[in-house]
Structures are given as C-alpha cells and as structure tokens.
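Think of it as A, B, C and D in the order they're written, each chain with its own count starting at 1.
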Amino acid sequence: MGIVIAALLKVAIILAAPPLLLGVIARVKARIAGRVGPPLLQPYFDIAKLLRKDSVISPTTSWLFVAGPAIALVAALIAAALVPVGDGGALWAFDGDFIALAYVLGLARFFTVAAALDTGSSFEGMGAAREATFACLAEPAFVLGLLAVAHATGSVSLSAFLGPSLASVWTGAGASSVLVAGGLLVVLLAENSRIPVDDPTTHLELTMVHEVMVLDHGGPLLGVVLYGAAIKLFVFATLLVKLAVPIHGGALAWLAYLGGLAVAAIAIGVIESVTARLRMSHVPAFLLAATLLCGLAVVLQAR
Amino acid sequence: MIWCLAALGVLFASAIAALILRTHLYATLGALLAALLALPAAFAVLAGAHFADVVVPWGQPLGEIRLGLDPLSAFFAIPLLALGATCAAYGAAYLRSRCVPAALFNVLAGAMLLVLLARDGIVFLVAWELMTLASYGLVTFDHAQPEVRRAGWVYLVASHLGVACILSAFLLLGDSTLSFADFARHGTPVAATLAVIGFGVKAGVVPLHVWLPEAHAAAPSHVSALMSAVLIKLGIYGLLRTISFVPAFPWGPVLLALGSAGALVGIALAFYQRDIKRALAYSTVENAGIVLIGLGLGMWGAAHGRPAIAALGLAGGLLHVWNHAVVKCLLFLAAGGLVHGAGTRDLEQMGGLGARMPRLARMLVLGGVAIAALPPLGAFASEWLIYVGLLHGNTQPLLFVVAALATAGAMAALCFVRVIGIALLGHPRSRAAADAHEPGRGLVGPAVVLAALAIAMPFAAPLAVRAIAPVAAQLGADLDVAAVDEALAPALILSGAVWLGGILAFLAIRRVVRRRRAAETWGCGYTAPSPRMQYTAASFAEGLHRLLPRALRAKVEAAPPAELFPSPARLAVDRRDPFTRAAYEPLLDRLARRFSQLRWVQQGLLHIYILYVVIAVVLGLVIVTLRDGWAS
Amino acid sequence: MSHLFDPLLVSVLLLNLFVLGASRLRSVIGASALQGVALGLLTVAAHDHITFTVTLVALIAIGLKGVLIPKLLYKAMRDVAIVRDVEPLIGLIPSLAIGAVGTGASVIFARTLPVADSYHASLALVLPSSFATVLTGCLVLVTRRKAITQVVGYLILENGIFIMGLGLIEATTFLVEIGVLLDLFVAIFVMGIIINHVRREFETTDAAELSSLKE
Amino acid sequence: MLFFLVAFPLVVAGATMLVPSARVRAWMVPATALIHAAATAWVVIDVPAPMFESWLQLGPLGRVILGLLSAHYLVCSLYVPTYLAARAERPNRVFCACMIALLGTMSLVPISHHLGLMWVGIETSTLATAPLIYFNKTPRSLEAVWKYLLIGSVGVAFALFGSFFLASAAVHNGVDTSLLFEDLVRDAPRLSKPWLHSAFVVLLVGYGTKIGLAPMHTWKPDVYGEAPSVVGALLSGGMTTCAFCALLRFLQISNAAGEGEGDVARDLLLVFGLLSMAVAAAFMILQRDYKRMLAYSSVEHMGIIAIGLGLGGVGTYGALLHLINNSFGKAVMFLAAGNIHRACGSRLVTDTIGAIRRVPASGALFLLGLFAVTGSPPFGMFLSELAILRAAFDGSYVVAALVLVLLATAFVGMSSVVIKVVHGGPAGEVAREREPFLSIAPPLAALAVLLALGIYLPDWLHGSLELATGFLEKGAL
C-alpha cells in the first residue's frame, strides 16, 4: 500500500513540479536583477493560456511538425519515470535504464529537430543544427558521468547506484564523484538550453539554440513544448540532486530531495545571472570539458 | 537441404533464362521462388532441425563438393533470401526491362547463398568471388559516369586484396582440399589475422571500408540495398566461421577495438555526406562496427567465463545483423525512390520531397529513426542488448566502448535527422525536387513491407533470440535465453510505451490544434524568404564537422574573396573518403611512380636487351659454379 | 689431321680478337668467313677417321659459314651502301680489352668443369675457345650499332657453339648437326631480308635507331 | 601417325603457297587445324608406338602439351578467316603458309624425344613466326620483328649451347648417350653435376628467352604489341608452351639426377619466376597500351608457371594446369583485344574508352578475360594458382607472400587498364560495330574452356596431369 502511495506521489510530483522549477529560476534571476519578478506559478499560467489558444501553422509543414512536441512530451515523461524521484528509486527501474533514458531523450530530440526543419525556416534549421550538434557532445559526458558512478557502485541501474550504495562512493571515491557532478551540471545546462550554453530569454534568433527551433510552434503546440522542456529540466535536476545528496530512507530523504531541487533551481538562476552566454563557437569546448571530467572520473576509479 | 539446392538452382537457372530470353521477368520470379523454397528450410534449421550435408562427387582437386546448412549459415541465409526477393521485386520496377542487371542480381544472390552453403575453402572462394564479380557488374551498371567506373575499380581491387588474404588464411588453415572440417586443426593467430583483414574488407571494417561508400553510391538502389543488407554481412559471416575455426585468438579485444573504431569513424564520415546514398553507406560501416562490438563482447564474455555477458553480446550482435539488414534495406529502397523522383543523389538539390511523395517519406522517417537505434524501432533492441552486456561487463575498457557507442548513437541521430530534414522537409531546393512525384507502387510496396518488418522486429526479438541460440552454440557460447529475455524485457516495454504514448499524444495534440489557420513560416521579420535561404545539408553538419579530427574531415580548399577588388573566389570540397585521400591514393601514387622509374630498363635498345640475356647467362653460370665450388 | 686441331682453334681465337678490333665492316665479315672455313677444317681435324658424313658436315659448314653467308652479308652491305664503318657503341680498344678478359674468364670457367679422361689431350682447347667465341659473339651483338654487324655477331656466337659441338662427336648426330646448320642459314637469310626492309623503311641500318618501341 | 602431325601441316603450308585464292588460303588454316586436332585427339587417346628409333614418341608430358597446342591452335585458327577478311587489302600468302607451318613445327616439340630435334622444332617455330609478326608491314612491326629475330635467335642459340652442355655432362662422365630423353633421364644420376648445373643455367636462359622470363622478356611487349592479335595469341599461348615443354624436359633430367640435384634448377626457376612476376607487375601499372599490357601479363604468367615448377610437388601440377589455363586465357584476351583494336582504331588506353558500347561482345569478353587471367574463381586459373600457392605455403612463406603481393599488384595494374578500355563512354553516342560470329566465337570458346576448367576439372585431364607431374618429378617413364 505504501508503495502505491509513494508511486502516486512520485507521479504527482513528476506531472506537477517541473514548471515550478522554471518559476523559481525566473524569480531568482529577477531578484538578482533587482526586479520583483513573475509569480512562482507563472509557467503554469503560461502553459494553461497557450493550450487554450488557436494554432497558426505554416503550410510548408507536415505531420512531423505536430509529432515533434508530442513525442518530446512523451519521451520526457518516460524519462521522468526512469529517474529516482524522491526516495526509494524510480517508478520504473531496470538494468541499464540510464542508457534507455539517453535514448528516449534522443528520440525526443530527433523529432524536435525534424519538426524544426519541417518549417523550412533558415533560423529554425540553424537552431536544429546546433541542438543536434551539442547533443553529440553532451551524450558522451552524460553517459560517462553516470558510468563512473555505476562503475564505482557496481550496479547498472539508476535507482541502484543513485540509491543507498552511493554514500560509500562519496566516501570512497569522492574526487571522481565531484568530477561527475561537475560534468552532469554542464550537461544539464546544455541539454536544457540554459546560460552559458543558450539563453532562453534572448530576443536575437541568431544566438539561440532551443528557442529558435520552436519559433513556429505557437498556441497549444508551444504549450506542450514548454511543458516537455520543463519535465526534461526536472529529470536532469533530479539526477544531479540524487547524486549530490546521498541521503536515503524516510521523510528526511524526501525533504533533502525536494530541498535539493529547490537549491538546484536557485543555483541555475544564480549561474544564469552571474555568467554570460558563451560564444556559440566556444560551447563545444565547454561540453568537451565536461566529457573529459566524466572520462577522468571513470579512469580515476582503480577498479 | 534439398530445398536450398533447389533455390540455388532456381537462382542460377533463372539468371540464365533471363539472359537468353532477354526479359527480366524470369529473374525476378526466380528470386521470389528461391526465397519461397529455401526460407522454410532456413527457419527450420534455426528452430532446431538438422539437415545432413549434401555431398556431390566432383572433379579434382575437390573430389567431392560438400554443401551444408548449419544454424550459422541459416541465420545469414534468412535475410539473404527474404531481402533478396524484396529487392528483386523492387529492381523489377526500378530498372524496367533490363535483363542483364536482373540476371546479375540473381547470380549475386545465388553466389551469396553458395557462400553460406559451402563447406570447403575452394567452393567458398569460388562463390565469394562470383559474388564479387556479379556485384561488380551491378555496381558499374551505369559506367558512363567516371565516378562509377572508379567506384567499380576500387571495389574490385579491394575485394581482390581481401580474397588474397582469405585465400592465404585458408591455405594456412587447411589441407589440399581446403575442407572446413580440417580447418580447426591448424588454427594459428596469423591465419586468424589474415582472415580478419580479408573478411574485414567485405564487412567494411575501418580502415578497409573505402570501397563501400563508392560502390554503394554507384550501384542501383536495390543493389546497394542488398549489398548493405547482406553482402556486407557475409564478411561478418566469414569472421564468425573463422572464429569457429580458430577459437584460440583474442577475438574479444580485437573485435571490440575494430567495432568501436568502425562505429565512431563510420558515423563520423556519414553525417556530413552530401550524397544520400554515401551517407547510408557510411552508416553501414557504423553498424558493421556495432555488430562487431556485440560479437567481440560475446567472445570476451565467453573467454572470461561470463556466460550471461557472452549471451548478451552474441545475441545483440547477431540480432543487429538482422535488424540492420532490414532497416538499411528499407532506407536504400526508400532513398532509391527519392533519387528516382528527384533525379539526383545530392541532398542539396532535394528538399520538400515529403510533401510530394508522402508515403515514401513516411518510410524514410521510420527507417531513419530505426537506423539511429532509437526506441521503439528495429535496431534499438539489438543495441540495447549490447549495452546491457557491456554494462554488466563493467570494466573500464568496456565502459569506454559504451561511451563510444552512445556518442555514435547521438551522431547517428544527427546524421539521419539531417537526411530526413534536408531531403524531405522544408521547401524544394531545385526545380527537379519541386516537380518530383511519388514513384509507382512497385517502388513503394517493398519499402512498406520492410517498414512493417522494422516495426515488428523489436517485438519479435525474443523469438529471434531463440533462433540465435543454436548459432551461438556453434560459436562455442551457450546462449542463456532467460538472461537475454530478462535484459530484453525493458526494451520491449519501453518500445511499447513509446508507441502507445507517442500515438496517443500525437492524436490528442492534433485534436487540440484542429482550430488553426495557415500562415507562412515566420521569417523573423524578413519579408521575402526564399528556399535558398534554408539551412543546407552542409551547414547543418558544419558544427559537428568542424569538431572532427582533421583527418576525418572533408578537405576544403577555399580562396575567399579578398581586398577591395576581389578576384574570383573559389571553393572546392574534396569528398573522397579521408582514408583514400590521405593514405591509399598517395601510397598507390608513390608506388606507381616508383614503378614508372623502372621503365628506363626498357628503352627500346636492342643492344641492351641482348645484354640482359648475356648477363643472365654469365651471372647464372658464375653463381652456379661458385655454388658447386662451395659444395665440394 | 688432329695435329692441325690446336692451331686452327688458336686461329679462331685470334680471329675473334680481330673482329673486335677491326674498324671496317668488310674485314669483319671476312674474318667471320675465315672463321667459318676454320670450323669446317676443325670438323675434319676432330675425327680420327674421315668418313663420308664428316666430310659432308665439313663441306656444308665451309659452304654455309665460309662462303654463302658472308656472300649474303657482302651483298646486304652493298645494298645498304655501307662502306666501312663498324660504329661500335664502345670504343675498339675497350672492346678488345673486354674480349681479352672474356677469353681469360673462359679459360678459367672451362677449368672448373670436369673433363673426361678419354678426352683427347688435343681437345683441351676446345672448351675455352668455344666459350670465348660465344662471348665474342655476344660482345659484338651488344656493342655494335649496325644491324649487319649484329648479324655477324650472331654468326660468331653460333660458331662458338659449333666448336663446342666438335668436342661431343660421340654424342652428336650428324643429321642434327646439319639441321642446326641449315637453321642457322635460314635465320641469317631471314635477318638479311629484314635488314633490307629496314633499310627501305628507315633509310638506315643503324639498329640503335630502331627504338621507337619502348616503355 | 606422329610423323603425320608434323608433316601434314608442313605439306599443307607448301600447298598453300600455290593456292591462288586469298579466301581459300584463309580457310585452309582452320581446316588444317581441324584435321590436326582430330589426329591429335586420336594419338592422345590411343598413344601410338615410337617412331624413328624413338626420336618421335608421345610421353605423358607430350600428351598434355600436344593436346593443348592443338586445341589452342584450333581456337585461334578459327579467328583467322574473319581476321584476314577484314584485312583483305594485305596479301596473305606467306601469312597463311607460315601460320600452317607453325602448327607443324610446334607439334614437333612435344613429340620429339631427342635433344637436337626438339631444338630444331623451337628454332623453326621462331623463324616461322617472323613473317606473321611482320604481317602489317609497318615500320613499327618491322622494328618488332627485328628485335624478335635477334633476341629470339640469341636465346635459341643459347638453348643449343645449353644442349651441348648437357651432352658434355654425359660425355665427360664417360656416359655413352644417345641424347634421347629416355636415356638422359635413365643415366641422369651418372651425369657430371657441374656440367648439368651449368647446362640448366644456359638452357633456362635460352628457352627462357622464348618463354619470356625476365630479364629475357624484352621482346615480348614490342612483338605482342605490333603483331596481329591472333599471332599474339599463338605466341603467348602456343610458342611459350612449346618452350616450357622443352624446359620441362631438362627439369625432368635435373630431378632425375639424384637426391637434391633438382634444387639448383628449381631455385633458378624460382628466382627467374619471381623476377618475371615483379617486372610484369611493375610494368603493368600505368601501362598505356593494352596490347603491351597483355605482353606483360604473359610475362607474369610465365613467372607463375616457373615458380610452380620451382616449388615442385603440387606446384608442378599447378604449373602444368596453369600452362593450359594460360594458353586459353591469352586466347581470350588477345582475340578480344584484337576486336577492340580494330573497332576503336587504337591500342592506347586513352583513346579506347567504352569498348563495351562499341563492341559489346568483345568488350564483355575482354572484361571477363581479365577476371579469368587474374585468377579469379570460377575460372580455371584460380585452381592452378591455388595449387601453386598451396605448394608455396607448404614450402616457403616468403615465396608465398611475394607471389601474393605480386599477383595483387599485377591485378591492380591490369584491372585499371582493362576497365578503362572496356567501360565508359556515354550511352548511345557511339555507334555499335558489327561483330562477325567468327570473331567472337573463338575467344568465347576459350573462355568457356577456362570456365569449365575452373568449375569441373575432368578426371581424365587430372589423371594426365598427375601422370605428367609424376613423370617430371620422379623421372619415371
């Protein structure tokens, strides 16, 4: 019974919490910039409003234009089911689930990029190219980072190696854990189009990555895109938090998890406020550095 | 077994009939009939049936010809027969009324079947070379183009060198009749190395893959499809046979290294190709690498006493053979339709084809998702098994292989979303693309069949794993079906979830956006956008291309406009394979130059020629005399 | 007659050196003709009993090598209007020097080969002179520009082989020997025809200029 | 009957000189070949008694070689009438007579069991081919025939010289010999070894000149390039076979001379074989003239055969089989090349693109011939090269590796030339030339023979080859 309740709780958090992260980030950034900022729940309002609107769709597009956001959302939800939200593991855990996570997100990217190219817009093609390119660089960092942890704990499921056995890793191979955390943070920023990789709030299409891809998506489609992106951010944030806060068991773990999420959101907000966006040509180096960090983390483990 | 022989006979006889009666019809029917005849037998073998070898008394030096169908042969015969028939049907529509290619196609299929059935080195090599010659004839079908001739020549030379290595390996392994039954007795590392090189040429192992993109681009699409799907796999088949002959060889590390290199280099070269068929061909190099990773893992597991890992590796690698065969065949057939419709293989000349040939476009999207090994399609299940096996192996080298595989996966996604996005989506980039229309049923039908197979493959994976078990047993690994099933289950559930969720979400969102109006794509304020302003295939790949090691990049020679009154600018891109460009061609050129320098020995002077004769006599006498003096 | 054997062989050797040293084509051909006559006499000298067949071979040898072929060559020389030039590719003195060294080497080489006890002591010079003559023929073939001179070289080469045949009287059959001689004649006859064609086509008989076929 | 094989063509050749009609003369060539082939078939199947004090007889080796010569000549002769019809402007009296005479003189080589008589066969064959080479009467062909005559004569002279060495080997060890091969083989253990070794050197160079082993091969490209293709086919398939037959006799004597005595001969063959392969491979790369390329291909194959003989055992068997394959392979290549040459008017690769469009049958034959002569299965050369490689792998890995590398190099060179000649050219732009049936049938027949040999080596042939191998290896009669 407890398991069912926990699962339901997790489903609820997965469905409800992600936009809140966006709200927190926006509020933090506003505060640092000296503004009051939008309400914390503003992303929810935005999504709700967008879903009610009419659509404007280019005649150039095909079914892929609609499939993009749809599959991105489904993929994000599946990904969220694979990460150990809160305490006691993920909704669905199995050996190699982090690889499945990467592939599901890859599927989402495939269709988002295709949807962007579907419009025939030069700007969206540009964004799509950047998205696909950066993914190729983020992928090895992400996989190597989690592999380092997996290698250290000897288990190959997220719920297992981000579970109780993680504490021993922090004590045993702390250096490599720090490296992994750093690498994963970079991946989080890149995958979720945050500064310094991408600026979600800029108004110059030439400098965008993710935002420019969805230029033509409006109304309900944009709403779905926003919601999906929020869930993706939530997935990465969860991974990072579970890695950084190896507390397990009971309410304390839950508290630590939720607190961790909030801290992560705030941290992202702070990072976004205090750093400038990198030049587009420097992003690969940034991501390669993350790959190196994670690769080093694997090598450092003398097992 | 008798059915296989009948299929063999039908294939060759129909080829001859097609040539004599000058109609392709018999060839096509022959290919279909052969598949009907032999497929049940092949499936039966995988289901556990055992057929006695057929022994035919024959002339010297063989004495007898032994043909057999063991699980390993049957495993490769199934895609050969099934896809052979599909491609033949496609070919009938693609090259209307041409009897010679149709006949050659059947000869090719027959030769490949014979390769699988052969139980001695001589018949194997005869069939192997017949296969090369037939495919050479098909590759150079359009030999009016210089690049096709070149491709044919490169293919021929590479194959010939490969055969030389295989021949040496066989001669080292076997007795005078080169019967496979004797091979296991003389297994040496040298022979194994030679076999790896020889079969590696066919299997597209980096850096021996250079013939592959050229030949696949030059050949008619249904031939490229069959080559990519089956012919390349026969290189893998040869490697597996060699493994069964020479078990005492570090197969695991060798195959893992070759596989990782192949996967990474293959896809790194694929994603920036401008020619759609070259991109597909390089992707074949990548997938051959993935298969090798799986097999290498299997061998590693077997050698280290980890049967579960061996099972996962072998099952994944072999399953990937089937998956890739189906999916790559689908892609080539669909690409053939595009090329047929748009009149060019150049991605930059395509665009907007999705709206003009919607059915074919759907097939291509499906194939693209599948070949990038994304869930829920084809190759995902097999790659998944390899991943799980690698993870369970959990040593540092294996983990780096995981990272390599993951990187290759991300690049494959970029590669194929680019092909789809540039070719099918957006606005047409050329007149021909704008005027393109969907090809007839004959070209779409086979692709639809293959697409259905690609959808079904992951869900049929547990069945396929059971079919693989006897093959693995032949390679000396006891396949733990339960372990594989356990690893496979999440992939299947995931595939189901993606299908279900994707379709539901798609339908739901389409409902929501029903209230819509049409407006041109937002041009970011620019009021007169033209199709030429779209992101091109080159620009899409540019970002990642720039990050490749210089050795793998296309060589660009640019003289940009400069100064106040600029001279004409120039941009030349060398799209040869980097290995050809940087290694093979300079090497060959240098050798040729060295050889040309030898020509001064023959300057047409009779005196000198007679001098050679005299010198030969005198020198010979001196040496023999000295030798005799030494001896006495 | 066998007491004439050695002097005849020595004269053959001397004629070799003369051919190498001569600068006039006419004298070169003459020397080869003399050598042919010497060979015919040698055939007789080599046999203890003079029989009909021996005489026949000797006569044919003298007739072909000493008369017919030189005549043919003289005629060719007149046809192609060559007066005297031998035109060696290397100088006459070096030719002579090489010829002398070759003769010495021939003697050494012949010593390394075992000789039957039954072999005539008087036949001891056969092998060295045979080898030396063959070498001289080769040298002429290799170093002389004119096509006709090369034919003379070939003739001398054949002479050397013929000398060796003399040492093998027990084994050789006259039918074969006559066949060999006839073959030689036909060969030189055909060469003469070709030289004639060459002159008409190229207006030269300089074999060194026949070098358009090359790599 | 054996005498008939030699005399009949010579008589017909004489008669040909008297025939007034050029057409009739041309058809007399295949007619003679047909009768000769029938007679050959008879003697090969039912071996007749020796003639002329055993000077003429048919041994195991002779059976193989004679059958091959006659069959190969028949194939080539069928090509002659169409060739001469296409060249009706040239007088063909001498050509036809020499062509027919060549059959007789070549037949003499395998059936004569006397040292001197066999030499006469080779020498007369050389002389008979000279007018054939000069058929075109161009300055270039004149140059070629001059070189052929001189180098060939020097070679043949050395062959005679070597024969005398061999006789000396007997005489100087006090062996009373008749110079019949049977006697020489029987007395071989008693022959003087230094003489025997020197004899083999001189013979190898002498007959090697006719065979075309490097460095005595220099006449080959010039002659094969300038001679009519059918003559090229006869030279490279027939003459070389004769010369090899002669060399094989001496190899047999060397082998019979005692334990390890064959080694000198074999090592020499290996060296010359490898050198030939190397030279051929080097000169085939970037070759501009496809008929010269065929000449180098011939040098290469002679090298392969020499290597096979040098290796001994299975290698000898392979060499004999390769001799057969080489004859027919060269027939395919030369005759197809001749058709292409006539249709395209050039022997240069650069001027001859897209032969398969202009003369589809000849172009296809040339291409298939490439595969046949480079030892691709399913053609016969694969099996013979396989046997030779088998011997090489059993013997010395160095030789095996060298042979493989050189074969591959030769393939690279040759394929690039042939492909350039055969393929290319825009469709429909060039006019298709008419290809008379008799210009296609002979190379097609030769290719069919190669294919048949590659797929199924009949037992009787295998048996004959085994017999000949045993004959050569053991010296047993």
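In this section, contacts are C-beta pairs under 8 Å (C-beta built on N, C-alpha and C of every residue); 3 or more make two chains touch, one makes a residue touch a chain.
Small disclaimer: the values here were computed from a predicted structure and weren't measured.
For the pairs A-B and C-D, the larger set of C-beta contacts lies at A-B.
Centroid to centroid, with C-alpha atoms defining each point, chain A and chain C lie 99 Å apart. Centroid to centroid, with C-alpha atoms defining each point, chain A and chain D lie 77 Å apart.
Note: centroid distance chain A to chain B, computed from Cα atoms, is 36 Å.
Between chain C and chain D the centroid-to-centroid distance comes to 31 Å (mean Cα coordinates, whole Å).
Shared interface positions of chain C, i.e. residues touching 2 or more other chains, are given as 112, 138, 141, 150, 207, 210-213, 215. Residues of chain B found to touch two or more other chains are 599, 602, 604, 606, 610, 621, 625, 628. Remark: the chains found to touch one another pair up as A-B, B-C, B-D, C-D. Those residues of chain B that touch chain D in the complex are listed here as 58-61, 122, 125-126, 128-130, 132-133, 140, 143-144, 146, 149, 152-153, 156-157, 160-161, 163-164, 167-168, 171-172, 176, 588, 591-592, 595-596, 598-599, 601-602, 604, 606, 609-610, 612-613, 615-617, 620-621, 624-625, 627-628. On the chain B side of its complex with chain C, the touching residues are 599, 602-608, 610-611, 614, 621, 625, 628-629.
Taken in their complex, chain A has these residues touching chain B: 51, 54-62, 64, 66-67, 69-71, 73-75, 77-78, 92, 94-97, 99-100, 102-104, 106-107, 109-110, 113-114, 116-126, 128-130, 132-133, 135-140, 142-144, 147, 150-151, 154, 156, 205, 215-216, 219-221, 224, 284, 295, 298-299, 301, 303. Of all the residues in chain B, the ones that touch chain A in their complex are 351-352, 354-355, 358, 361, 365, 368-369, 372-375, 380, 384, 387-388, 391-392, 394, 396, 399-400, 402-404, 406-407, 409-411, 413-414, 416-418, 420-422, 425-427, 487, 489-491, 494, 497-498, 501-502, 504-506, 508-510, 512-513, 515-524, 529, 531, 533-535, 539-544, 547.
Of all residues in chain D, only 146-147, 150-151, 154-155, 158, 193-194, 197-198, 200-202, 204-205, 208-209, 215-216, 218-219, 221-222, 264, 268, 279, 281-283, 285-286, 314, 354, 356, 371, 374, 376-378, 382-383, 386-387, 389-390, 393, 400, 404, 407-409, 411-412, 415-416, 419-420, 423-427, 454-459, 462 touch chain B in the complex they form.
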